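Chain lettering (A, B and C) follows the sequence in which the chains are written, and residue indices restart at 1 in each chain.
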Amino acid sequence: MVTRLAAAVLPFLAFLGLSPLLLGAVTRVKSLFAGRTGAPLLQPYHDLRRLLGKQPVYSRTTTWVFRAGPLVGLGAVVAAGLLMSFGGAPALLPFPGDFILFASLLGLSRFATALAALDTGSSFEGMGAAREVTFAAFAEPALFLCLVALVRATGSLSLSGMLREGLPELWRAQGPALLLAATALVVVALAENARIPVDDPTTHLELTMIHEVMVLDHSGPDLAVIHYAASLKLFLFGALVVRLALGFPFSSPWPSLGVFLGGMALFATALGAIESTMARLRLDRVPQLLVAASVLALFALVLLLR
Amino acid sequence: MLLLALLPLVLAPLALAALALAVPRARWRPRLLLVGAGLHAAAVAALWALRPGPTLSGWLALDAAGLLTLSTASAVFLASAVYVQGYLATHPERDDRVFVGSLLALLAAMTGAALAQNLGLLWVIIELTTLATAPLIYFRHDALSLEATWKYLMVCSLGIALALLGTFFLAFSSAGPGGPQTLLLPDLIAAGDRLSRPWVRAAFAFLLAGYGTKMGLAPFHAWKPDAYGEAPGVLGALLAGGVTNIAFLALVRATSVCQAAGEGPFARSALLGVGLLSMGVAAVFMVGQRDFKRLLAYSSVEHMGILALGVGLGGAAAAGAFFHMVNNGLTKGVLFLTAGNIHRAYGTKDTDRVRGAARRLPLSGPLFLLGFLAVTGSPPFAPFFSEFAILSGALGGGRWLVAAAYLALLALIFVTMGSTVLRIVQGEPRQPAEPGFGDVATTAGPPLLLLLAVLALGLWVPRGLLDLFDAAAALVRG
Amino acid sequence: MTYWTGLVFVLVVVLDLLVLASSRLRGAIRTVAFQGAVLALLPLLLPAPAAGEHRVVHMVALAVGALVVKGFLIPGMMLWAMREAAIRREVEPIVGFVPSLVLGALGVAAAFTFSGALPLPAPELHPLLVPTSLSTVWTGLLLVVSRRKAVAQVLGFLLVENGVFVFGVLLSGFMPLMVEAGVLLDLLAATFVMGIVIFHINREFASLDTGRLTSLRD
């Protein structure tokens, strides 16, 4: 009983605990590519601790919307994590149709952040929010088409069902379609998490920033919450890609969790490689990339519908 | 020996084309054209008497429709070859190496297409006609002719690519169990309902778009006014009297396969619709057309529409369509050759500035007028009788609405085309004549002879020829 | 085998979409060349309706011919023309990249949805064959009408030919090699003639913008 409970809860705890590590790993890979030693793997944890210890500063023009933004954002992402199955065990709260709630929770998180940015009344943050929402509008169809393609391929309406046994056979039968969907999903993951080639998480040039410019006015614990929520979101998308790409041949939970975490390490490496080797796209090319992702996902769906 | 009789007909012009490209002396090249055209015409005349059987295991064969197309093309080419002697003499500055070579290659391709019984081979040869014509359109080497060449190449190549897809679809329809697995026309027709009908239907749609483009049927006619307008008049004659007829022949072949597979009604109604549309589009664009060569191009769109309409109606109208194919080819020869003469004498194609052609060009002017009367279906010229045959076919089949639309469009076109042509031919020339561009025997003689042929066909059609029309129409009779 | 054939077909369609999305001419030429090379694999992958010694030679000849013409000769010629004529590298679309991608995707979706209406006469053939061919033809036509540059229009023509080629391979069982050779040669000759015309356009207008070819109209 206890082991079964542990098997169910532990992946979720890993999600909550390891996502800053994922971010640290990506940064490390990037610095290795650039020929630097780079920050330690645990640097994101130190950053979070440092920010949590600070006193927040609030502009007098802001209202409760500004303060609620980060918390709502974090809550939505954590709730989305409850629907996602990470390794071995199914999700904590699986139900048919939960993939729609999953996508909406991610949308809610972005909505809260964008609203908080608009609440500052700063033109820069308004610009960032506008860009973020614009690109999200292009990314969401791609995400939904990917998920619908998965629904069609697996016949299951819940995320846990889509990503469970049967996936390896599916790869053998419908490999090209799943490959297309996975490619589209990677593009969506890059866009949703503000990674190169869509956005550069390390830039501080306001004209080109997208996600970072939205959170310029947040400080202290609020900023820590936002950073943490961002790392959780990256972990979520990584989990989706990894689960889809690996398929899970194991029925027992522990090796499965191990394989999953190994897959996440691979994902971090791949992400770091992509970010190091690609140039950032011009802003007006970003919607094109996302439409291309949608088109790929649509093509996957059409292939599966035949 | 007879077995191989068809092959030299294709290969000889090709050899002459190679020779034309190789001959260093410019004076000799136009003579080569004359030799090729004369030999070709003589050989085609011999074919009428001999009627040899299939060659190359049935890939080349002479049937009624092919013989009609081939003879028309050969006659128009002979007239054009004579005309070119005078034409090139007025343009000594232009290099005629590619011009003469391309013309001879075009003759070879037209011959091959008329004889080809394998639909794949037919496609290859029709694509060759596109490639052979492109340098001819660009003969003037200026910006406008370049534009026309580009549009011609792009539109026709795309169209022909669709036709290839249609050809493959047709091959696919025969690939099923029990199918003949071939592209040979007689085998396809013999297979009849063993062909897969959905594929035949799809194939016809693509073939109609593809060869319809080459034929210049609306709505695929975009290249036609530009190419006819910018190319030398002699090329207009060859396109309207040869190449478009070849494309029509290809469509007839496709229709005959459809017919055999039981999709005849589908094919015929598609042809009927496209035919009427072409006539309508031509009528609309002829109104207020101020470039007389483009006017002729739209007239060609109209007549291709009439051909499609005739085959679409089937029955007696189909025989009329083949008669009309011959008549239209010859009459278009008259019109384009004389239009070229008028163009040169006035230095413009603008109908606002061309007046009194009958006075300045005492032969070409009246011939242009007579050609117009012939092509719009005035008795006693032959097109009147062929257009009447199509009309009576429509009435005989009880297609009252089609007949009414056909008559109304013919009348409309007569009025709009007539108003332009009469303005050109009548009145006093405004500017003084340009020296050296008057009528001479080589440029005015060929259209005169072609017109006499059109008149003769109107006055008396030999029994054998009528049988030939019926035999050709039997391929597609509904 | 079927699995790999399916992968080839999907790759061909993805390359179609990539050509629609590419904004650089050289990249687009290379994509089309790659597509041609991928298509050259098809004769070797598709099952033979009537196997035999003669047929193996035939298929290999077709594959090598297609690879040489579609993968090297034509793209090489176009890249050479671009270098010699100093053509600028932008594609210059009339219809933007996103709308053309969406239109392309709709065409692909339609082709894959409705091609079921055409039953395959031989069951051993791959079900993706017909829709792949139709999608590629559609993409090519779209490219011709939505791009301003002459080179890009020729690319569209090549895509159409590639789409038709997918079908031709299928028929090689009973289409004699001569016709196929004729088809490939015609394609080569057509591209050659178009290349020459491109040259003349460039000389005449000092640009390859077919948007300048608009003097002839009614």
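Going forward, contacts are C-beta pairs under 8 Å (C-beta built on N, C-alpha and C of every residue); 3 or more make two chains touch, one makes a residue touch a chain.
In this text the structure is predicted, and so the values were computed from the model without any measurement.
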Among line, ring, star, complete and other, the chain contact graph is line
Greatest number of touching C-beta pairs links chains B-C
So, in whole Å, the Cα centroid of chain A is separated from that of chain C by 38
Distance between the CA centroids of chain A and chain B (whole Å) is 65
CA centroids of chain B and chain C: separation to the nearest Å works out as 30
Among chain A residues, those touching two or more other chains are none
Residue positions on chain C within touch of chain B in the complex are 49, 117-119, 121-122, 133, 137, 140-141, 144, 150, 153, 156-157, 160-161, 163-164, 167-168, 170-171, 173-175, 179, 182-183, 186, 189-190, 193-194, 197, 200-201, 204-205, 210, 213-216, 218
The chain C residues in contact with chain A across the complex are 3, 6-7, 9-11, 13-14, 17, 21, 97-98, 101-102, 104-105, 108-109, 112-113, 116, 127-128
In their shared complex, chain C is touched by residues of chain B numbered 118, 120-121, 123-124, 127-128, 130-131, 134-135, 138, 142-144, 146-151, 153-154, 157-158, 161-162, 164-165, 168-169, 171-173, 175-177, 179, 181-183, 196, 198-199, 202, 225-226, 229-230, 285, 289, 294
Given the complex, residues on chain A that touch chain C span 172, 175-177, 179-180, 287-288, 291-292, 294-296, 298-299, 302-303, 305-306
